[in-house]
Amino acid sequence: MQDIQSGPSLVSMAIDRVGVKNLLHPLIVRDRMQGQQHTVARMDLSVDLPAAFKGTHMSRFLEALGEWTGILDYTSFKHLLWDLTKRLQAKRAHLHFCFPYFLEQKAPVSNSSALMDYQCSLVGNLENGEMEMILGVEVPVMTVCPCSLAICERGAHSQRATVRIATRFSGLLWLEDLIEIGQQAGSSPVHALLKREDEKFVTDMAFNNAAFVEDVVRNAAQKLEHHPQVHGYSVEVESMESIHNHSAYACINTM
Amino acid sequence: MQDIQSGPSLVSMAIDRVGVKNLLHPLIVRDRMQGQQHTVARMDLSVDLPAAFKGTHMSRFLEALGEWTGILDYTSFKHLLWDLTKRLQAKRAHLHFCFPYFLEQKAPVSNSSALMDYQCSLVGNLENGEMEMILGVEVPVMTVCPCSLAICERGAHSQRATVRIATRFSGLLWLEDLIEIGQQAGSSPVHALLKREDEKFVTDMAFNNAAFVEDVVRNAAQKLEHHPQVHGYSVEVESMESIHNHSAYACINTM
Amino acid sequence: MQDIQSGPSLVSMAIDRVGVKNLLHPLIVRDRMQGQQHTVARMDLSVDLPAAFKGTHMSRFLEALGEWTGILDYTSFKHLLWDLTKRLQAKRAHLHFCFPYFLEQKAPVSNSSALMDYQCSLVGNLENGEMEMILGVEVPVMTVCPCSLAICERGAHSQRATVRIATRFSGLLWLEDLIEIGQQAGSSPVHALLKREDEKFVTDMAFNNAAFVEDVVRNAAQKLEHHPQVHGYSVEVESMESIHNHSAYACINTM
Amino acid sequence: MQDIQSGPSLVSMAIDRVGVKNLLHPLIVRDRMQGQQHTVARMDLSVDLPAAFKGTHMSRFLEALGEWTGILDYTSFKHLLWDLTKRLQAKRAHLHFCFPYFLEQKAPVSNSSALMDYQCSLVGNLENGEMEMILGVEVPVMTVCPCSLAICERGAHSQRATVRIATRFSGLLWLEDLIEIGQQAGSSPVHALLKREDEKFVTDMAFNNAAFVEDVVRNAAQKLEHHPQVHGYSVEVESMESIHNHSAYACINTM
C-alpha cells in the first residue's frame, strides 16, 4: 500500500509540531500522600517534521501511547517523549497533558474531609536528549476586596478567583507544592465541604486577609521567586467579581 | 441531478426535528429604550420530516435565513417559522436563537453608565399556524450568604450568581422585564462600571439583602407567577460560591 | 450557632431542586469486559425543598458523597439517592453524573487496539422509594453524504458526527449496548488507532454505507424501539459537515 | 473615601498586566466590501503596574471603553491603548478583542450567497508610544486525506478543519487577506449555503486537491512568508478527523 506521507513535500518548509490533539486517556498520577491516583487526561502529542517529508505517521502516536505505562512520573514522561522521537524519526517531541487532580482537604474546625479537584497540566519538550518540562496548576481561592472592606459599613464583596501557575523547574516538584502556593496567595483557600463552624472560620480568616488580584498575583510570584526548584514561572489571577459581570485580572510572567 | 433526499426512507419513522444547528448570524433585536440594537446570534433551525421521506433539503434553511429581514420581532419571527414550513413542506418548524443583549445601566450613586450584557434566547415552535414561544434570559446577580452573615464576626461570603429564566408568554414581553425580575431576585444587581461610592452603595445594599439561592429562585418565581403575560416558567439559580469550588443550585419549574 | 436555613421562608413556594452543581469527583464504573474502570465524573446532587423551609443544608450533599462507596452500580446509585433524602429530610432526590468511559476497540484489519472514550451520563430521580434512571451516551461516528456520493465524480464529503442517546430503562442496561447502537447507526464507527489497511477498510465500508443525519437518527431509534429494556429514548445526531461551518442535525424523542 | 489602591504594596514586585477580562461589548469593525459591520467582541483590557503601587483602578478601564468610539480601526485602537496609559498612569497598555466577522460568500456554481462567520482577534500592545498589533483569524476549511484517497477504492475520508492564523504586521492588513489565505490552504473552502450543483463542485474540487494538515499548514505559511505586510506569524491547523475521535494537528510558528 502506498505510503503517501513519506513522499516529498511540494512546499519545502519544516513543521514545528505535527501530531494528534484532544485525545482523552486514563492516567495514573503520582500523589504525595497516597502514592498514586487515577484520573483522566486530555492529551496532545506531536513531533517536528523536516522540510523534505510530506507527512508524519499519525497512527504511531496512538501506538506509543498504547504501549506506554500510563503512570505519570519523570522517567515515564521522558520515556514517552523519547519513544515518539524514535517511532517518528523526529528530532523533537512535545507532550501536553491536562487532568484533574484530587486532594483530600480537611475543613479547618470540624476536620471534616472531602476531595478538592485542581486542574493540572504537564508540558514536555524533548530535543537532543534534553527534556524541558512545564508544570501547571489552577487553584481556586476566595478573595475579599480590600477597597470594599475599607469603605463599606457592614461587609465587603468577596468572590471566587482562580490562580493559574505554570513553572519551569528542575528536580522533583510536587503538584502539591504549587497548589499550596496558590491556596496561600488568596484571602482564603476554598473547600469542598464546610460545616457551619468551618464556614465561620474561613469567612473570618478571609476578611482578615483582604486581597486584590494584584496582591494575590504578587503573593504567589514571591513564593515562586524563592522556590529552589522553580527557574521561571507565570502566575495569572482571574477573579469573578461578585459586583461585576466581568473578571478582574493580573499576571506576572518571567518565562 | 439526482434528488436522493426526496427518495423513500428505508426505516419508516417520522423525525421530530431535522435541520441546521450552530449557525452564527448577525441579528437586530428590538430594544425598549433605543428602538433596536445590533447583536450576533447562534441559531438552530429545524422542521419535522414525515416517515415517508429520506431526507430534508438543508440548503433551504440557509435560503430562508438569507431572505429573512434579520430584525427580530413577533411578526418577523413567526414569518420565518412559517417560511420554513413552506419551503420544506413541513407541518412543524422550530427556531432557537441565542444572543447577547446589551443594556445601559447607571451606577446607583455616581450615575456613571456602562453597557451590561445579558445572554438571551428565543425559542419558537409553529404548528397548524399556532406559534408557541419561549423567551429566556441569564441575569448575573450578587448573593450574600445569610448564614455566613449571621455567624461571622466581620463579614459574610458573597459571590456572583446567574439567574436563568425561561417563560412561555402571550402578548408582548420585553427582555427588559425578565432582566429586571432577575436583577431584583438577588442580593444586588451587578454592574459593569462602579466608582468607589457606587461600590460602597452596592455592597451595603447587598449586605442588607442577604439571600440564599433558595431565596433568589423564590423571589424570581413569585414575580413570574404574578406576571400577567407569563403562562409558565422555569427559574434556575447557580451561585459560584466563593468559599467552595462548586456551585449552589436551585430551580423551580412550572413548564 | 444559628441555623438560618431551618427558619421560615418569606416566600412560601416549594423548590423543585436545590443542591450542589458542577462538582468534580473520581468515580469507578462497572465495565462489561474488565469488571470496573476508574474515571472522573462531573456531578450535580439535589433534593426538593418544601415551601415552609428557608434553605437546605448544602454541606450534607458533600458528606453523603464522601461516605458513598464511589463505585457506580444500580444498588449504590439508588443508595446514594436514598441517603440524600434521609440526610436532607426530602421527599425527592436527584443525581446527574457525567463521565468519560473508555473501551478498548480493535482496528478491523490489523487488530491493533486502542482506547476510545465515550461521554456518558446517568441521571437518577428517587421519589416514594421509586427510582427512575436515564442512561446516556455520546458516540462519535463517521457519516458519508448519500447525496454527495450520488452526484460527485470522484468522492463524497464525509465528516465526524455525534450520536447522543438517552434512555429510560428497566433491569440492567450496559453502556456498551448503547455505544454499539450509536456506532452502528452511522456510515462507520470511528477509531482511536487505525493502520493504513484499517483506514482503507473503514473508509471503503463508510462509502458503502452512506447516511444522512436523518438515516443515522432513524437507525438508532429503530434499534432502541426494539430493545427490550428501553422504555423511552431520545436520539440526537449532530454532524459537523465538512463542506459547511455549521452542523446538520436530526432528533427523535419519545420520552 | 479611602483610596486603598494608591497605597503601598507589601510585596514590592511590578505586575506585567492588570485589568479587566471577559467583557462583552458591541463593536463596529471595518469591512473591505461594505465599509463597516456590527459585531460583538469579548475584550480584555490591561496595563502594567509598578512595584510601588498596591492596585490599579479597575473602573477606569470601563470609563475608557465607554468613551471610546466603538469603531475599530488602526487609529481608534491605538487611541484606546493610549487612553488607558493616560487614565491609569501606566507605561504599557494591552488590548485583546475577539469577535465573529461576517463575509458574504457566493456559492461557486449557483451564485447563491450567504453569510459565513470567522472568529477574529486583534491584540495590541502600546509601550513608549509604539504599538505592536497581532491580527488573527480562524478559518474553517475542508480537508480530503491524500493517503485515504490513494488507497481506498471508492472515496477518501474528508472532514472540517480549522486554520488559525496570527500575524504581526505593518501598514493596513485586512481580515479578508488572512481569511483568503486560510481558505486557499485547505482542500476547499467551506460555505454556509450550497445548492446541489455547488455541493458537487466543492466536493469534486476538494477531491482534486487532497491535503494533510501538514500540507494545509505549509500552504498557509508559504503565503504568509511572502506577504509584504506580515513580519511574523503562526499557523495552526486542527482537523476533526472523520475516522477518529481526536484531531490531527500541525503548526508553524515564526513569532
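As written, the chain order gives the labels A, B, C and D, with residue 1 at the start of each chain.
Here, contacts are C-beta pairs under 8 Å (C-beta built on N, C-alpha and C of every residue); 3 or more make two chains touch, one makes a residue touch a chain.
For clarity, every value in this text was computed on a predicted model and none was experimentally measured.
**Student:** Looking at the contacts, which chains touch chain A and chain B alike?
**Tutor:** C, D
**Student:** Can you name the chain that lies farthest from chain D, using the mean of each chain's Cα atoms as its centre?
**Tutor:** Following the centroid criterion, the farthest chain would be C.
**Student:** How many angstrom lie between the CA centroids of chain B and chain C, rounded to a whole number?
**Tutor:** That pair's centroid distance is 25 Å.
**Student:** So what's the Cα centroid distance for chain B and chain D, whole Å?
**Tutor:** Centres of chain B and chain D (C-alpha means) sit 28 Å apart.
**Student:** Please report how many Å separate the Cα centroid of chain C from that of chain D, as a whole number.
**Tutor:** 34
**Student:** Which positions in chain A touch two or more other chains at once?
**Tutor:** In chain A, 1, 23, 117, 147, 151, 192, 194, 196, 200, 244, 246 touch at least two other chains.
**Student:** Any idea which chain C residues touch chain B in the complex?
**Tutor:** 1-2, 4-5, 9-11, 13-23, 44, 46, 49, 54-56, 58, 146-147, 150-151, 212-215, 217-219, 221-222, 225, 238, 244, 246-253
**Student:** In their complex, what parts of chain D are in touch with chain C?
**Tutor:** Those in contact with chain C are residues 116-117, 140, 142-145, 147-149, 151-160, 188, 190-192, 194, 196, 199-200, 202-204, 206-208, 240-246.
**Student:** In the complex formed with chain B, which residues of chain D make contact?
**Tutor:** Residues of chain D touching chain B: 1, 3, 23-26, 37-40, 59, 62-63, 65-66, 100, 102, 112-115, 117, 192-197, 200.
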